[in-house]
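Just so it is clear, A, B, C and D label the chains in written order, and each chain counts residues from 1 on its own.
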């Protein structure tokens, strides 16, 4: 399930929803938070492309489900103005086994970072895309046969 | 910080403790849970080697801190009788950047599975060590220079 | 003559001072590449945004290539490389 | 003559019916390998547990090899491959 929203989220609630009693052996979660960029006034502004952003997250979720044996997955991306330390994004994955849950969770955030239409602004400056993010995404696209 | 305990843990509490406002950009958590093995009566019994198990977890935590730039990390392993669906183990890692947090979290659970003196019993049967767990641990030991 | 809707995001919206516009384009503008040239021909600040090869384009919310076709009624979006997550 | 404490865990403790024992060992038993042979010589079920190469040993809570030495006052633990996490 995917959500794009202004409001905050609760890791505890999302974790509870990811569990399927008796079937889930591993739950991996990732949360991204706003670090302190106080030289630009602090915090972030997050813009997205409504419609296309939802489709992009859904497509990434579908790809993860196709590539690994997952039970449930959750993606939440916040938009709008976010202060230092606020939660930005959550990816949660439940599986019978940990290797699948780790791989899918990292895959989702790596692909999201390079393919989903969101843009961050710190103070007056729109962030530039990072080469390290492209490389992280390329790594997954290169090892298409790398199911563990 | 590492703990070995009979009682349950709260992911929400551990997640809150992992965060350093303004510094933490990424928190990755792993929770392992008891799957349904109802053909053996359900649930698990977890035995550990008191003293050596604590040292093993601390050594794994130290190795992770040495290998990656981490802010905080948390390992909790439960022991004793655990029913189906109960939480067994938590690994949580906070870092400025996600690649470090993912790598350290998966490293810790992979090494823990093969080096920390804990043993699981399902019904009357002590579990056998899995080759897939040895391979996962070997992967980390082979790529000592693989900091991301 | 085709009528399209154009959306601008992030640094591009800010540079051109607009989030969207409705545009009538002559028939010879039938690809993303030719639309970018058309917009770049408006002069500064359009010239620099739309001659940038890093500027991405989506047609009807699907990522497009320079050769993707544009037809009447399309929604065409321009944006810089994404930086979410 | 050395006096050591031996701990048994998991399937090994269950097989030998004991979690620990205090043992006086003659001076020629000075390594993990020779202690395992000594225990295996007790016959069934000890023979099968202590001739198993998969049986792990820790001396004073540090993982040992067959050649690790054993001396008076040591705590020596035997256990199967670990299965936690």
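We adopt the following convention: contacts are C-beta pairs under 8 Å (C-beta built on N, C-alpha and C of every residue); 3 or more make two chains touch, one makes a residue touch a chain.
Since this is a predicted model, take the numbers as computed values, not measurements.
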Chain C and chain A - chains in contact with each: none
For chain B paired with chain C, centre-to-centre distance based on mean C-alpha positions, whole Å: 49
Whole-Å gap separating chain C and chain D, where each centre is the average of the chain's CA atoms: 74
Whole-Å gap separating chain A and chain B, where each centre is the average of the chain's CA atoms: 22
Residue list for chain D, restricted to those that touch at least two other chains: none
Residue numbers of chain B (touch at least two other chains): 32, 109
Pairs of chains satisfying the touch condition: A-B, A-C, B-D
Chain A-facing residues of chain C, complex: 7, 9-11, 14, 58, 61, 77, 79-85
Parts of chain A lying in touch with chain B, wherever the complex brings them together: 10-12, 15, 19, 21-33, 35-36, 84-85, 96, 98-99, 101-102, 105-106, 109, 132, 136
In the complex with chain D, residue positions of chain B that touch it: 32, 46-49, 51-52, 55, 77, 88-89, 109, 112-121, 126-130, 133
